[in-house]
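Beneath this line is the structure, given in structure tokens, with notes to follow.
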Amino acid sequence: MNNTRFNRGEEQLKKIDGAAGDRVIKSLEDIAPDLGKYIIEFAFGDIYNRSGLTLEEREMITITSLLTSGGCEAQLEVHINGALNVGLSPKKIIETFIQCVPYVGFPRVLNAIFVAKSVFEQRNIAL
Amino acid sequence: MNNTRFNRGEEQLKKIDGAAGDRVIKSLEDIAPDLGKYIIEFAFGDIYNRSGLTLEEREMITITSLLTSGGCEAQLEVHINGALNVGLSPKKIIETFIQCVPYVGFPRVLNAIFVAKSVFEQRNIAL
Amino acid sequence: MNNTRFNRGEEQLKKIDGAAGDRVIKSLEDIAPDLGKYIIEFAFGDIYNRSGLTLEEREMITITSLLTSGGCEAQLEVHINGALNVGLSPKKIIETFIQCVPYVGFPRVLNAIFVAKSVFEQRNIAL
Amino acid sequence: MNNTRFNRGEEQLKKIDGAAGDRVIKSLEDIAPDLGKYIIEFAFGDIYNRSGLTLEEREMITITSLLTSGGCEAQLEVHINGALNVGLSPKKIIETFIQCVPYVGFPRVLNAIFVAKSVFEQRNIAL
Amino acid sequence: MNNTRFNRGEEQLKKIDGAAGDRVIKSLEDIAPDLGKYIIEFAFGDIYNRSGLTLEEREMITITSLLTSGGCEAQLEVHINGALNVGLSPKKIIETFIQCVPYVGFPRVLNAIFVAKSVFEQRNIAL
Amino acid sequence: MNNTRFNRGEEQLKKIDGAAGDRVIKSLEDIAPDLGKYIIEFAFGDIYNRSGLTLEEREMITITSLLTSGGCEAQLEVHINGALNVGLSPKKIIETFIQCVPYVGFPRVLNAIFVAKSVFEQRNIAL
């Protein structure tokens, strides 16, 4: 049932992104509410809900993909928070970004590191 | 000592990419031997050799980054093999690619899946 | 109901991509069957099925996006066929690609044009 | 005659981008005036002036290409305005972006939606 | 006069790309002849014809841009040939690619190196 | 010796990027100090230190690569300054960007031009 996909997606979104995920969905309400629905149903209800990888691994993959794409700093901020929320340590997040250097070069990695720096400061995290 | 970086890089490369990594370095010998040296020293001697992530996690990050970049099918083939060599299960490799769908869309994921399919067939792996 | 998304997606896929779409889904069966299911349910059942744009417009947008991404020649082949199947004229397909020149430069446009050329030849289309 | 390409380009630019296009060209005057000339002559005088697609279709293709490229939010703002100026409805602009989800993923689509949101607010457009 | 742009573009194209450039234009004749015209008039008649950079510098910039874009191996082949034709040494071409490693990572650089390797072999160039 | 790579990298970084390079390294100290070390050792100690290209040529290649990648405006600012520091004229920097138009389209070139404009203004450079 569609409703189920939405419900379990909403739960996942809450667990992973907390208030930030909610803010993204809210900000779509008056312009593209269906897009918010697809994010909840498909990204979180279908994909994040699969077995085979832990949530930590899924967030590790997500922040790697966002770093590599470039120009997705807003989403990177949401998902660095998400990664922390599901238990990835700040050190492991930084280490994930450093592992990308040989594959995407320094500039995109620097961009991601500076987003992480600002997230860590907001959350009073010291490395 | 530079020699140490090279030596430990060579060891890592052998452990991860086996014969395929060796072939890439060999194929650079008469055109850009220094590039082969940097791959061994920097990518494998410096980066892969760091603590903080397991080799399975490093390969998971690497194949995610290569999938997202696009146009890196040759390197994806080497590192899907590398991922299998360090113990990532075929199922987890496929699951890693599926996790990328919400972030990069279906086409790049399909490209990666078909590279995995050909690697699995070469290695007689059935899912 | 999930079944409905799948069914209407399958119908859309058949209308748009014909045998080629079917081949992609088939080729996923033994490696990532869920990915095929998501393509049918989400891409075709949810997105292509929306109102607000004609199928010709949806295919025009799709081939523009694939051209711009780069490295998606296989999917471009499927969707140039799809564009023709839903009624976009060969001239309009070429014109769509030419409109992209100021935004992505000549190389990606050339790549797309040569895919179109091979599709038109397979279908015995002369401009 | 070169002059003609420039003149008809200037006319197209005015029709499509209005004051915003003018501002871009002006801002190039003291640093790269030839670049402004090429935008007018080539992008607008040669390409936008072709037959085979309506201006609405050309803007639909342009905003799709800019969304897919990523990191082109400034140009996306100009061309969402352009799209509105030549008659594309706000709903169709949003629908164009949603059609891109299966091909480029959610993050780039979200970036484009939020640019549209700010443009619509500036123009007092309610969906 | 348009004719002049075309003529001086054709001359530049011949000087830089020789027979390969001609082949690209020819291959567009029955599918998108205007695109060939724009390549000659705009890319070669307008841009390559400007003062301020030598042709060697222009080709160095072009092969850097093609390497960085990714998925443009066909155009890279044409312009590695072009770079050699205007006097860039094979060593400098390889060095140009190596300079990109910190900015785009190893995979795209490897792709470019292997295109250069095949061009050098076709031209019987030993480093 | 590692120390030597670091020392000669630091010297190169100072010569090229001056205070701006220093600021980037400093800003990494409390979050990813190793990343700063790799930038100095590998990017500047290994790569920039090679023979075969002048520093002007290396910066010309670097700003081309950053422009083409997109979303690297912060690094572009550092390296436009770097390019000026090693002797590239403002006119040649602009000309380098214009040469990229046929290969990456207008939007990324415009982004780079506007970064250059702001750098030139900070340094009181008039073209």
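Note that the chains are named A, B, C, D, E and F in the order they appear, and that numbering of residues resets to 1 at the start of each chain.
Just so it is clear, contacts are C-beta pairs under 8 Å (C-beta built on N, C-alpha and C of every residue); 3 or more make two chains touch, one makes a residue touch a chain.
Predicted model, so just to flag it, every value in this text is computed and none were measured.
*Asks:* Based on mean C-alpha positions, I'd like to know which chain lies farthest from chain F.
*Replies:* Looking at centroid distances, C is the chain farthest away.
*Asks:* Between copies chain B and chain C, are the contact residues mostly the same numbers or mostly different, with half as the line?
*Replies:* Counting which numbers both chains contribute, under half are shared, so the two copies meet through different residues.
*Asks:* Any idea whether B-F or C-D has more C-beta pairs in contact?
*Replies:* When the contacts at B-F and C-D are counted, C-D has more.
*Asks:* What's the farthest chain from chain B if centres are computed as the mean of the Cα atoms?
*Replies:* Centroid comparison gives D as the farthest chain from chain B.
*Asks:* Could you tell me the distance, in whole angstrom, between the mean C-alpha positions of chain D and chain F?
*Replies:* Averaging C-alpha atoms per chain gives centres 30 Å apart.
*Asks:* What is the distance in Å between the mean C-alpha positions of chain A and chain F?
*Replies:* Here chain A and chain F have centroids separated by 30 Å.
*Asks:* Please set out, as single numbers or ranges, the residues of chain E touching at least two other chains.
*Replies:* Touching at least two other chains: 34, 38-39, 42-43, 50, 66, 69-71, 75, 98, 100-107.
*Asks:* Chain touch graph shape: choose line, ring, star, complete or other and state it.
*Replies:* Contact map by chain: complete.
*Asks:* Which chain B residues qualify as touching chain A in the complex?
*Replies:* 39, 42-43, 47-48, 50, 52-53, 57-58, 60-62, 64-69, 75, 91-92, 95-96, 98-104
*Asks:* What does chain A use to touch chain C in their complex?
*Replies:* It comes out as residues 1-2, 5, 34, 38, 42, 46, 50.
*Asks:* Where on chain D does chain A make contact in their complex?
*Replies:* Residues of chain D touching chain A: 70-71, 94, 97-98, 101, 105-111, 113-114, 116-117, 120, 126-127.
*Asks:* Going by the contact rule set out above, which residues of chain D touch chain F in the complex?
*Replies:* 24, 27-28, 30-32, 34-35, 38-39, 43, 66, 69-72, 74-75
*Asks:* For chain A, which residues count as touching chain E in their complex?
*Replies:* Contacts found on chain A: 100-107.
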